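Order of writing sets the labels: A, B, C, D, E, F, G and H. Residues in every chain begin at 1.
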């Protein structure tokens, strides 16, 4: 199979593991990739895959986040807690992708669900529990207003992840994305729609700096 | 000038005055329209006009909202207070257009400025003062999250007006519009971008029902 | 199931029940939500759900509007009739969602079908029958012109709901939405595409004001 | 000036004169084009031009429609009346471009202004006067609903012209265009935004067929 | 079934039959509509329907154009031939919908296939055969350039129908639609994407005028 | 002036100063805001303003970044260097807005210009100089590919800022924005178009965490 | 079957074979087309087809590129090597379509996989191997940055093909397309999304010129 | 001025000169860039600049194409003629930018104006004169159909350049761009809107290959 040329060296170069994007890969391609990871004895995370695509490969498939994890060695523990905040139960798949990736990367996490802005008190009640987090990942669909509220209340780095939850104009997550990019709260950073995994990687980049201090 | 055929009879038919949309009208067209109103002795409101367009016509021009009002008779007073809530000083022109129109229509108003969601406490502090309002008009640009918060806190009819305030993806007000349409708060109704006048007319439709009760 | 945190208190706070958005919830999540409603003895409405999603939960599923209702107590009756006007038989699912929600909320309704603007006389003939309504909800797809005609004829509050009926440029309902937002009739308010339930909630906000008078 | 190669022969080939699109042409290019028309003794119509662009060329400039006409010979009269219907005074420039072009082509016209759909009676009152027209050109901005009403009432060919009149979502005329393309009335044909001249040419194509009968 | 209110009177009013839009109707709704047509003894055409939707109703289903026809009486013959020109075999479904509708309306037709502009000679060779047509309907997908060429060669009314044929930027037919609206050929009129039926109705409006001459 | 209600308390609440968005504010509004800052003796930064808007207010206007700074006290120094990388000289205004804001916030910075990806060696040569930075802000217009390259080479948090530099499809910066959101490099976070100030605030949120360690 | 009118003469006219676009053709249409090719003894390539569509026709189906080839005679060999470069394994289907077409046209090819820009060294390592190529076809999805890097390093003609690989804003390939069109590298030409076949034809146009020299 | 870091070495690396993009550069930046070119004795081309921007720098400004050229040494002559074909006089600025760039690069050119597709004979008459060209650059606005016709008639490499000529849906050149990308003619390559300079560079990449043969 000569069309796979993994960049497993990147881990050495910048200290960030390559994560396998499963969406358009065949089961054969994924088995081959798994074999290469096995040879090197490294852990593997596949995102955006179905149970069928990874059938027969050793590891754990999570149907909610559509991720597959094969852990061979415990990941190096990262300093600092990461909070994952989300608006409603429809945002769970994206929040879960972030959580699975964070655990794969060795991060400790805390989860804050059902923080939808139509009942803003729910979010405000979590303020104290969020304070020890070093980074907040915030997932929301529909109008994507949650990071605006969060950003006015909390001082940590906030990584906003729009989710493709909604219908009519909100279908596909573009309204949430644009709402987050336009947030009147200061210093909110944004990921592509549904990119929980990328948000976890961005959190890792921040946590790595804490270690250096 | 045979290309103007005002629907002044609509007032009789459904009890709502025709308001003159000034944007693409020439000073001559506006003078002719003013003369027709004068003949009938009725009040006139022109929206989206410049001072130059209405130069020489009797009445009051407001440069902030770009409206022109000529009152000949006191408007029939409407039952019930209308609250006009807005996010920041950039939203003032649209809020002012709503206020001018409401006064033209005989409504009493209360104004709630600087309620931007990045400091959600500012909005929450106004709750009590908003309670007597029978309708709330809510103007916001950027991500347009204000109606979502308001709708979770207050029980009145809420008419959301996106404003064309913002830059980048938020330029032109489309993000605020889409955010308001996608609001996770229940029963929020929405107007076209910058349509403060229309929001006032929608409020009038509601207040008229109170009279009937 | 720790990812569900219902805002059942909102009913107490602003007097509007939380309605369950079914679209991306699993049968397990819905069963859990139903159990919570049962514990409290409150009525439950689920929108945008399939028969499979609510299989085994006690209540009535309506396949046309894709709603599920479980009534335990008669809803508090609301003052004033709500008219639901729609353009053609393709708009029935959205009109039905509005009607089901209105009944769930305790409102009396009157239905006006097949009012498409290509035969404007059909709409004009209903004028008298519409007069006693305190609010008009108006559903249309394709070019969405119905609220423009209705708004020129009737004085009540009008809540326009674009439907995702159409093809080519009209696919998805965006043309109807934009047409309604741009309506040259005064004071038309607009909901997200297919949001019949939200229109009913907006009508409830208005009817509540009648009670206060 | 070797970059102009007029297709004056097209008139011979398909019997339709070439009309000069003025928008991005320099005064020099227009003078050269005028000289070529003069040599051949043919009439010339320039659309979308400013008074400055045609300064010094013999002919009549109309600032409302931004057209310039130089008639040397009376145009061949066309059979059948063309009606030009428009919604409001903001649509006059486009309607006027259609009228100027129709006169240039030798057509008789009848004008129907202020037919906005928010007062649908105004349009219905014109029905009888429209009956002798062989083609109806219909110009409207904002939601562009006029052709839908017209198409349900009248049997003639209807050529709809969206105008770039409106603001917010209606800015630029795209909502009117899409509304007209999605019209639920049968057999409505549509032109590009503001293309009054093209509508006149389309009417000419139809009138030519009457001559043949 | 109280949600169907056919406008069968329109035929009397403007002489154009109502055609049934099948897309979102249930088999029950279509059976009811068929029964109403049967009662009155009138012909029925359903567009955009599947074989399953019309199963058990008397008439002819055409799977290529997805139309269903039930003829009870021969249609009144229309004066003048209608040409249906299309670019490639992928455009056949839309061209066929136009042809089926034209036959339903009593029109004679002539078909010109495989006229794609990448081999412009194919189109030019048909010129003579197109000359007797009184109207030309022109269907094309991808870049939709065919009407531009046709409009430069032929003098008749041209009704352009963009088809949803293409991929990448051309997916859904919007490029063809925009190309046709922007055509540099004069007097081209345009329908919504895939609207072969509407093009036939527009042709009927023109042919009706020939009868009057 | 009752329409300004600064949230100067936010600094106390989350330790981030409120920065004044100048775009749609009048000189009077800005003078009033300046006076309020002066009363409290706090520093003030105005973004997106013209020299005319701040005429007569004490402080320094920078025409390249269109920012205005009035420093009364030295800002509290922040731990860690922030690198500001940009593609070409057209991106300087946005990069400068980030730099001005960072200095206002008390951050030390290092600047890396002319790193356009068409000559990727220029970027690679800076690797060593970038290593001590704790955060990298990366500004680029056109296709916005710079963060993808940077993210594959460097391990720090990367805050990508699309700039509105480009023409044709790239006009307005949307291509750069979308390119950055779609980056195949891991963990890149993105700001709204031209939001250099927001990027600086996001960097501050990260640097604040270093202090805590 | 009278709706197929192949332009097999084009090969004679401009020396480029007509390739069959399979997407919306029925098995019957494809069998008929195959028979026509067989009569003339010419080779046939069908793109964008399923195995079912070509079932029973003699030739080779490739499921990865969804192409079908029936070779009767060896193609005339073309001068010069064509390089096909692609970013990741998700781009293989498009790259393979280009390769299959190139072989069908008689071109020699060299393949360069896994050149994603997040590890730019992988691409730089191929520089020497790319040097003998006379044309480079470059396929990438997501942000489509690969041609920008390639264009800064290599002097040959570069034909960029965006692939519909990605999610969120990158869904459908439009971000890659726009990124390639906006490339800051000089002289990059671009094809429609997923158009590997067209890229091969564009390469053929170039190689033909080499023969003439 | 430390924010300019020209890649003058690129010429050595891939044999293509860096051309200066003038759009957002200040006169000071351009003077500095000119001085650097002068030091090295190399020719300089600035695109998309105004006369004011280059005031006082030695060289020739062309107001039609908005280019500025300073030639110090005769460019190395390139093998093979390049044809520049365009649709109408509105496309001249873009065609001229391509011609100026080609002359700057040492290419011989031939110009073919007024080839608009509404009179397809004009283009067909040029066939023989186009035959000696080794590359054809083809500029068109509005529906951008010219490359489709050209591609069906001529065998050379075709580089299509959409121009921002048009109004309504065609405004900004996006319809021409999409039409060209969707062309049903084979092997047409496309540039960004108005990018005449890039087309010339792409032609140079091809001509360089002829030299090698």
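Keep this in mind: a contact is a pair of C-beta atoms (placed from the backbone, for glycine too) under 8 Å apart; a residue touches a chain by one contact, two chains touch by 3 or more.
Keep in mind the model is a prediction, meaning the values are calculated, not measured.
> Compare the CA centroid of chain C with every other chain's and tell me the farthest one.
H
> Once the Cα atoms of chain A and chain E are superposed, what angle does the rotation have, between 0 and 180 degrees and to the nearest 5?
To map chain A onto chain E, rotate by about 180 degrees.
> On a CA-centroid basis, which chain has its centre farthest from chain B's?
G
> Using residue numbers, check each pair in A-C, D-H or A-B against E-H and return the one sharing over half of the contact pairs.
Same contacts by residue number as E-H, out of A-C, D-H or A-B: A-B.
> List the centre-to-centre spacing of chain F and chain G in whole Å, with centres computed as mean CA coordinates.
Chain centres of chain F and chain G, defined by C-alpha means, are spaced 42 Å apart.
> Would you mind pulling out the distance in Å between where the CA atoms of chain C average out and where those of chain E do?
Chain centres of chain C and chain E, defined by C-alpha means, are spaced 35 Å apart.
> Distance-wise, how many Å sit between the C-alpha centres of chain G and chain H, to the nearest whole number?
Chain centres of chain G and chain H, defined by C-alpha means, are spaced 25 Å apart.
> Going by the contact rule already set, what residues in chain B reach two or more other chains?
Within chain B, the residues that touch at least two other chains are 10, 88, 116, 118-119, 152-153, 168-170, 174, 177, 181-182, 186, 192.
> If I apply the definition of touch given earlier, which pairs of chains qualify?
A-B, A-C, A-F, A-G, B-C, B-D, B-F, C-D, C-E, D-E, D-H, E-G, E-H, F-G, F-H, G-H
> Over in the complex, which chain H residues touch chain D? Could you list them?
Residues 88-90, 92, 113-114, 116, 118-119, 122, 165, 167-171 of chain H touch chain D in their complex.
> For the complex, give me every residue of chain G touching chain E.
Residue positions touching the partner: 2-7, 9-10, 21, 23-25, 29, 48, 162, 164, 172-174, 177, 192-195.
> Okay, in this complex, where on chain F does chain A touch?
These residues of chain F touch chain A: 10, 13-16, 18-19, 79-80, 134-135, 152-159, 177, 181-182, 186-192, 198-206, 208-210, 212-213.
> Considering only the defined contacts, which chain C positions touch chain D in the complex?
87-88, 116-120, 124, 142-145, 148-149, 151-153, 166, 168-170, 174-176, 178-186
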